[in-house]
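Shared between the two complexes below is chain A, which pairs with chain B and chain C, respectively.
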Partner chain A sequence: MTLALFVDITLNSLVLGGVFLIVAIGLNIIYGLSRVMNLAHGSLYAIGAYAGYTLVTQKIPFFVAILIAPLIVGVVGLVLERTIIAPMRKRSMIYTLILTYGLMFALDGLIKYTWGNEPRFMAMPAFMRETMPILGTHYPVFRLVTLLITAAVMAALMLFLGKTKTGITLRAAATIPEMVSCLGINMTHVHIGAFVLGCCLAGIAGVIAGPLTTIDPLMGHGMLISSFVVIVIGGLGSLRGAVIAALLIGVVQTLAEFFITDLAMVIVYMLMAVILAFRPRGLLGEGKFE
Partner chain B sequence: MKKTALAVFSVWMIVMMGAALPAAAADPVKIGVLVPLTGIVAQGGLEMKMGIEMAALEKKTVLGRPIELVVEDTQLKPDVAVSKAEKLVFNDNCKALIGVFSSGVGLAIAKNIDKLNVPFLTTHVMTTEFYGMHPLVFRCGQLANDQTAVGNVKGIVDRPDLKDRKYYVIVHDYAWGHDAGKRFIDLAKQNNIKIVNEDFDRAPTSTKDWSSYISKIKASGADGIYIAFITNVIPIFAKQAADFGLTKTAKIVSAAAPGPMELEEGGEACYGIFGASDWSWDVNTPVSDKWEMEFWNKYKTIPSDAAVHSYVGMMNLLNAIEKAKSTEAKAIADALRGISFDGPYGTVRISAFDNCARNDAVLTETMAAPANPYGAKVVMKVLKTYKAEELGPPEK
Partner chain C sequence: MPDKSTTLSPLQIFGMVVILAVLAAFPFFAKNRFYISLANEMLIYGLLAMSLDVMLGYTGLLSFMHNAYLGIGAYIVGLFLIHVSASSLWLAMLVGVAGTCLIALPVGWVQVRTGGLAFALLTLAFGMMFYTIVWKWYSVTGGDDGLMGVPNTSVTLAGIVLGKTKDPKVIYLFTLAIVSLCFLATRRIIRSPFGAVLEAIRENEERAAFIGIPVRLYKLLGWMLACLLAGVAGSLFIVYKGYIGPITMSAFAGAGVLMMVLLGGMGSLWGPMVGAGIFIFIQDYISTKTEHWEIYLGIVVILLVLFMPQGVAGVGGYLKRLRR
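Right after this comes the complex of A and B.
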């Protein structure tokens, strides 16, 4: 393997893993804090991509669109949480599971109705359409920008959850919700905040994945499955586990597509099965939210 | 008294028969239309439906009866398509089935044709397995894989900018893709075209991120790429290949025509895709131009090959029912064998030898479109026309 090829594969793995990571962490936060397994998360990711596409088509700069589109998805999430999810929260998880499954199809239908069936290509700023020479290969600038955005999002999220009062409250609410409630913190606000934050993360991932892979109404389905694989491997509720799992899946899928094309996805699921056989709660899962 | 009663009864019978005749004449001839209206090729399915509908509207009646189209969504899933086909035949009483995108779906229906017992005419299945498959199974539409491979190999050999390149072959991982890849490689080797990977790559149809495959192509040193992807995916691959700068050095040759709506979205990134196809709106004949404008005026959609194939297939099917003077399965099938229709891409004849169409085709390259009534930015420019006899296969 040449150095250029090694660089190509490494960067491809990081970019793919980065998108998986943002989506999976959003899903993980929603589950960890509000105990909702949101099967409509992939569709919210798609709405993020379409919102970004629409903004860019309206001549709004890409870097502004990447800020606005997640907020739009956050608002959609807020409406869904208040009108559909919240009334079901006190029931068994199976209710929200079925509910969000139906919601996924409703949102997919809404996307098709609004934007049509054909794939959409998001325009990028001119400098991002170029390639950059790196250690013997020419790599798309946009993909490198995607890596930087992923790193920035993760850093901001870690700071938010680790250093701010709200973030610390959210983490505490995930571990000992009764105690947090006794301290006078409104748990409904925590649930809303978690759901909206998770949706915003799906929106960010959608905007950066749009130019990466093109946008289509069902783009969220594959991403939802990959995110679940990340969460299961990383450990339900574990953010650090999700980071490790996302990078692992990115590397394994990229290498498998390169060397054993026909079995790429089979290898990913086999990896999941092996990890679960030895660590049933995933790599870092402890059955609670960190 | 008896005579009077007989006379009254006779008059009553005549009146009743008279009343019944128009009712029978008004019974529509039902045709089952199987197209994918959800999933990754939903746009193509919609265009197929438009083409079929246009033919039915143009014909208005068949055997003096109105034509009724019963449309079902195959969801691009073989099992769903078979269920829908059974519903169309046994529940809706359709006299023939038309449409179908994907060889996997087409083969599933064809394997159930004895049970269905109606003529099945596909407008989009390209696998060579359809040649002479069953007396009730026909293809009239998109070129078959062997015909496309002949057109593409001829195109590569004829064009200096394509000829001396090393080709990397990558296909979608299902029946059609495998068949298309194999056909091209076999023919390319016979014509001294260099192939980098004879054991070609098979990518899942769910692939969204092509970066791994593109890295592989870059690493192989290939400066030509032969792709056999579902039409809507072609511009997606081309766009990502352009992102990586691959298309600055490598030319893409495609086993299927890209969808025009997706080409529009891909824009400049989709320039420079070569491929043999039946038709493009750049075909400038009076019949083609007239059809394009009628299609545009009706649907306000760029005329696509998916629509035109389906239109031609439907015209051949309706003409066969007229010729058969019956809606009986065997009679329609007999009439379909050898029938031909002069349409937007010339004479399209269904061979009596193997039940599959023979027609002229064109080699095209995608590039910036000249001013056109459809507002299209990308055109599949016609570079060359091939006669049906050149594309084969032989009919003996």
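Right after this comes the complex of A and C.
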């Protein structure tokens, strides 16, 4: 393997893992804070991609679209949370799962209804269509931009959860919800906040994934499954676990796609099965919200 | 409190005989062979929905893609009939069910080691894995085109040829017989001490573990029972249709099976079978009218969970409460 190829594969793994990470961490935040596993998360990611696509075709600059599209998804999330997710909090987990599964198909159907079945391609600013020479390879600039945005989002999220008062309250709420509730924090607001934040993250991932892949109504399904694999391997609700698992899956999937193309996902599932056989609660264990 | 006795009361026996007689007489009165096929599909999906109910309603485990195991069973039986022997239907079905169990065992083993929620997510991931394999492994499964050219075999019983599988009446009665037997057997198993253990796990896993029940083992047994029944449904499916494509194993089809169980009512065994009948009927009607069938499917699932989580089987309970 030459150096150029190595650089290519490394960067591709990081880009892919980064997108997985943003989606998966959104799922984990929602789950960690409100014990809701949202199966419609992949569809929200797809809505983010379509919103970005529509904004760009309306002559809105790409970098503005990156800011607006997640907000649109966030509003969709707010409406969904208030209307159908909130009544499920008192019920058994199984009902929430089935309900959000139904929601996934309803949203996918609406996406198909609105934008049609044929794949779309997101237009990018001219400079992003260039390639940049890095260590003997010519790497597409838009992938580097994706990587930078991913890093920025993760850094912002870490600062938010680690340093701000709201972030610290959220982490406390994930660990001992009863205590935080007793201290006068309205848990309903925490639940809404977590859901909307998770949806916004899915929206961001959707927009930055737009140029990487084609935008089609089924893009959410693949992403949903991949992010499940990430959070199950990392440990449900564990944010650090999600980081490790997302990078791992990014590397493995890139390598598998490079060497055997067609059945790449099967290798990923096999890896997941092996890890879970030895560590049934994921790499870092469940529920470490930090 | 639902009836838990293992034996059937005379009234129940009478009811079952009447239902069975009506179902068995149906193909002789149906004017169009299309309706016989539709009824056949209802029976097969009824069996699948019932097998999912063993997990969902009795063990408290959620499987999003139980149809994957119907597909696996169907593919194995189809491949056996095409490549090994076209005449031995019983042997093919036996191989199909055994093969399904063999594949389901390691998957189930990994799944039960994780918690209840991860279990559900993993059924989706592994289901998608089987879907991908079937879809991409063109040389064996026929990929996107599906498995075609499954031979027309004879249905025999104790050496006597009863008819050909391509004859809708013959295959309908054959399906009805097998589905009825499976229903009675499952009902008996669910009402045995084994079934009581499964329900204990559904109600409270920790307490079940405290009184010394090996929870993982029983969950795995519940999973295996459900997959065995799905394998039976799969072998009936391929014999009836003579064809199977990856679409039968898709996540969307899996949501359909889940909806059958919801529609009929979890934890009643017969409810999901009724749910399957209603679902197939509606699907057949609506999918010809609109191409956006999945929007309606999704919305109906949401409404069912929100307002009618007990399904059709719970309607009796609602009426009782209203009368009080």
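Please note the rule applied: the second predicted complex is superposed on the first by the 284 of 290 C-alpha atoms of A that agree within 3 Å, B and C clash if a C-alpha of one lies under 4 Å from a C-alpha of the other, contacts with A are read in each partner's own complex, and residues count from 1 in each chain.
Following the convention adopted for this analysis, a contact is a pair of C-beta atoms (placed from the backbone, for glycine too) under 8 Å apart; a residue touches a chain by one contact, two chains touch by 3 or more.
Computed from a prediction, not measured in an experiment: that's the story for all the values here.
If you put the two complexes together on chain A, you find that chain B and chain C bump into each other. In the superposition on chain A, A:229 makes contact with chain C only, not with chain B.
Once the two complexes are laid over each other on the shared chain, residue contacts for A:5 go to chain B alone; chain C is not touched. In the superposed pair of complexes, A:194 makes contact with neither chain B nor chain C. When the two complexes are overlaid on their common chain A, residue A:216 makes contact with chain B while staying clear of chain C. By the touch criterion stated above, A:142 is placed in contact with chain B alone, chain C being left untouched.
Shared-chain residue A:116: touches chain B; no touch with chain C.
Within the superposed three-chain model, A:170 lies out of touch with both chain B and chain C [touch as defined at top].
Of the two partner chains placed by the overlay, only chain C lies in contact with A:95; chain B stays clear of it.
Contact with both chain B and chain C is seen for A:265 once the two complexes are overlaid on the shared chain. Overlay on chain A, chain C versus chain B, candidates 170-178, 188-196 or 242-250: the clashing stretch is 242-250.
Shared contact residues on chain A (touching chain B in one structure, chain C in the other): 112, 262, 265. By the touch criterion given at the top, residues 2, 4-5, 8-9, 12, 15-16, 112, 116-121, 129, 131, 137-140, 142-143, 212-214, 216, 218-219, 222, 253-254, 257-258, 261-262, 264-265 of chain A touch chain B in their complex.
Against chain A, in their complex, chain C makes its touches with residues 56, 60, 62, 64, 106-107, 109-110, 113-118, 120-122, 124-126, 128-129, 132-133, 136, 251-252, 255, 258-259, 262, 292-302, 304-306, 309. Within the complex formed with chain C, the chain A residues making contact are 37, 84, 87-88, 91, 93-95, 97-99, 101-110, 112-113, 221, 225, 228-229, 231-232, 236, 262-263, 265-266, 269, 272-273, 276-277, 280-282, 286. Every residue of chain B that touches chain A in the complex is listed here, in rising order: 39-40, 42-43, 46, 173, 201-204, 206, 208-209, 211-213, 215-216, 218-219, 232, 235-236, 239-240, 243-245, 259, 261-262, 265-267, 269.
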